Amino acid sequence: MADGVDVQALTAWVREFDRLVAEHEGELTGLDAAIGDADHGANMHRGLTAAVAALAGTPPADPAALLKQVGMTLISKVGGASGPLYGTLFLRMAGAVGTDEVDAATYARALRAGLDGVLARGKAEPGDKTMVDALGPACDALDQEMAAGGSLAEALRRAATAARQGRDATVPMLARKGRASYLGERSIGHQDPGATTTALLLDAAVTTLGGEG
Amino acid sequence: MADGVDVQALTAWVREFDRLVAEHEGELTGLDAAIGDADHGANMHRGLTAAVAALAGTPPADPAALLKQVGMTLISKVGGASGPLYGTLFLRMAGAVGTDEVDAATYARALRAGLDGVLARGKAEPGDKTMVDALGPACDALDQEMAAGGSLAEALRRAATAARQGRDATVPMLARKGRASYLGERSIGHQDPGATTTALLLDAAVTTLGGEG
Amino acid sequence: MKKLINDPADVVSDALRGMAAAHPELRVDHENRVVFRGDAPVQGKVGLVSGGGSGHEPMHGGFVGPGMLDAACAGEVFTSPVPDQMVAATKGVDGGAGVLHIVKNYTGDVLNFEMAAEMVAAESGTEVVSVVTDDDVAVQDSLYTAGRRGVGVTVLLEKIVGAAAEQGRPLSGVADLARKVNAQGRSMGMALTSCTVPAAGRPTFDLSDDEMEIGVGIHGEPGRRRVPLAPAREIAEMLLEPVLGDLDFTGSDGALVFVNGLGGTPLLELYLLFADVTAVLEKAGVRIARSLVGSYMTSLDMAGCSVTLLKVDDDLVRLWDAPVRTPGLRWGT
Amino acid sequence: MKKLINDPADVVSDALRGMAAAHPELRVDHENRVVFRGDAPVQGKVGLVSGGGSGHEPMHGGFVGPGMLDAACAGEVFTSPVPDQMVAATKGVDGGAGVLHIVKNYTGDVLNFEMAAEMVAAESGTEVVSVVTDDDVAVQDSLYTAGRRGVGVTVLLEKIVGAAAEQGRPLSGVADLARKVNAQGRSMGMALTSCTVPAAGRPTFDLSDDEMEIGVGIHGEPGRRRVPLAPAREIAEMLLEPVLGDLDFTGSDGALVFVNGLGGTPLLELYLLFADVTAVLEKAGVRIARSLVGSYMTSLDMAGCSVTLLKVDDDLVRLWDAPVRTPGLRWGT
């Protein structure tokens, strides 16, 4: 399937994201306990389980339908801050892809559209210690690698690395958005749970969308 | 003052009782925590502090008045089971003494009147794991020693020993009265708090009423 | 010990000041620690007096008001009030139709109310009748115990009998009704954690993280047995089994079902347990006529609950539904 | 974790079954997890919808009924409900006069209610106005935070605005009133212990035996500072100082003072704290016009409290005094 991803691959991506979140649920909730309200792992896990079940129940016909269905399911099942934000991310991606296989450039554009949706909904800026701090660098890395003519596989690896670095970079940040912002200075020194989930999202992409790359 | 006790000696007795209860308050409450509701030490301490203060405020003229005042104060300040029971003990003692110095035989009669009052009010029988199991043996020892012609000092020492033995004997008993009875078999193995206080009452008598004896 | 208190010795008087400030419609006699209806004594109405150790709020002070108690005596924490308080309460609510003392069956409460009644009888012409509640099936009512404890039924009784007194029933009728309510109700409680008595400063008993105490009292008295922690639906069964075994609640009139929190248990859990209680009752063929879910008879900060069932007939249901206006229970006009 | 629950994943739906059983006058949509007034929609009346994460009971489901909310959406524990629920609630209470969404200022609540409003606007002609509460002075309202949290004022607002809607005020008037109430109220909370989220299974934060957390939120969010445990009278000062510093409550109309328990704190302690609160307010020259003491907005089993002050004028006091008939607040005819 060369350098594009189809419905099967995207389905695998969502499943793998679900698997990783389930595996890390306790860690995600623990991070949220430190600077939030101890539900992020449970929230994402609940939503992704529902999304995976929905994909199995009514398999969407094309990439746009799939991403839309995942986004809608997350919005309907997650709640909290991450429901609308992760839901919007997938919905906006759906709007940026078509009914055909998604090629590398389209995938990069779609992820950035997702980021823009998250920014529009949540009004966070880079450095506010949110999922944006992992998603932003991931989009930048994708774009750079695309511009340099790299493969989707290579681009995703770079993006995942950037997401993990962005996640790690949230540790020293002072939170300015979300629940962690209530802590002021005390938010410093803790890793943002939402950014941690975003790094898992990109990790899942490497394994499932990178093809043979 | 030979073998009789006057208002001063009785005042000293109540004070010493108060001092001992204060010293053992934590222990008494701890015993009550195990088979009751963790307030016996606080209850007796509150009542005796009030009784001692009242004695200092309006010193009674004679033994009967003194014992009555202590009994009334305990009834008004202690509450719980021990308030009416210890209050009745002193009130009945008051009724058994006169306005004169109390001699050894009168003291023994008065204490037994107190016991009878406790029995009438609380309807406990020996072996029910209550203060009666310390007070009963103390009265018996007093009577025996009186009958044998012993001094009040000697009789009180014997009575105090009997009270302590009675207190210790409550450990293996199954409670049948008071809050500890709710525990059934689980009350076995614990020392009764009220009996422990009674042993202190007799210890206080030895130090303050025994005279030079 | 982590509590919102000042000096542990002042807990009761400090809290009564707060009650007085929060409820100007009540009159608090701080010296005697008695909470009165603002308009007590109500002429021609039987006066209802209850009371007991503090630490069970809203019981009893929170049940003072039109349609329920006329006065409540607040003892030290978990310690029966003293006769002086009960005498003051009795005099203060005597509107000429006599006074009913509602006494929970604990040695201390019984003895002190008994002395108070003797004192009132010696001093005045006020007619006093005492009714003792003893609905706790965790305790065997036998020669070998102080008898069953008065627990959840007391709250229901104060409401129902309060309505009857408000309607002008005479003392004998009110007392008979109180005895009937007590006879028709049974309760059972359990604890997830101990309470901590302020003056003691540490938990009354220790329970490990995977244990619970079944048949616990409302004064931190340990229960009859300690069992492994279980899901709510099993707890509902464990509490109801002895209640249903002691009295037949399957009559067509049904039962008033009361799920009570012990102070440290949030309402979310009480509603959850109530759902499981309804399932057990349905299976047992007990019709739920009325229900009450909340923390009405607490044991300081204890986490846990009790379940009370009261057989009701039309008269009792009408009296239950009748208006009540107290800090703790309030409905109707 | 010691709780009266079955599977932690089922806590919310299990508790809603209990609520439905305990309150036949309400209608619970279990699929959408919405608690409705039994008679919703009320024709010609502005519909009031609120909601939020569960674990704060009686808020919000316990405030549904005549004189208060028309519907409340129950999210997972401490997690904002999802837009679908809010849409179902909005449709179900639309009596033709529009619907007010009462939203506590948390990112999740705001975003989900926002999406719900967008969905309602896209689908139907129902007019929806949202009002966000943000009264928690523990959080600075600045560019550097998500803004002050909505806490205690939300309860008072739901009551006051509920009375106004019941009287037939139009949506714009009801919304203006809601904004006014929010603007005139301030709150501050503290925790003696953490809560334990059922799905997490252990306390959200650790506090040692001699510490407390000041400025804590109602979701177990840690506060702004951790200080040594102090007597209630000092806690009253610590909570009121920032409240009084943020808004002038000394006007002649006075304040509605709300001492709220967080779920694991018994009423005895809340009354005691209220006594200390009245002392601080007297010194500060704040007149207490009305008061409310109890656990109305909880944080699961957290021990601790919050204090809310609301400046009231005659209109607000009249609306506060107006009849209300909900499981959580109930008075008047």
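Order of writing sets the labels: A, B, C and D. Residues in every chain begin at 1.
Everything below uses one rule, namely that a contact is a pair of C-beta atoms (placed from the backbone, for glycine too) under 8 Å apart; a residue touches a chain by one contact, two chains touch by 3 or more.
Predicted model only: the values in this text are computed from it and were never measured.
Touching chain A and chain D at once is no chain at all.
By number of C-beta pairs in contact, chains C-D lead all other pairings. Remark: chain B and chain D have CA centroids separated by 55 Å (rounded to whole angstrom).
Annotation: 29 Å between the Cα-based centres of chain C and chain D.
In whole angstrom, the spacing between the mean C-alpha positions of chain B and chain C is 32.
The touch graph of these protein chains is an open line. Contacting chain pairs in the structure are A-D, B-C, C-D.
If you check the complex, the residues on chain C that touch chain D are 2-7, 11, 14-19, 21-22, 54-55, 57-58, 62, 192-193, 209, 212, 229, 231-233, 235, 263-276, 278, 288, 291-293, 295, 298, 300-301, 303, 305, 325, 330-331, 333.
For chain B in complex with chain C, the residues that touch the partner chain are 29, 33-39, 42-43, 46, 75-85, 121-122, 174, 176-179, 181-184, 186. Taken together, the chain D residues at the contact with chain A in this complex read 53, 75-84, 106-108, 111-112, 114-115, 138-140, 143-146, 149, 197, 199-200, 204-205, 217, 219-222, 224.
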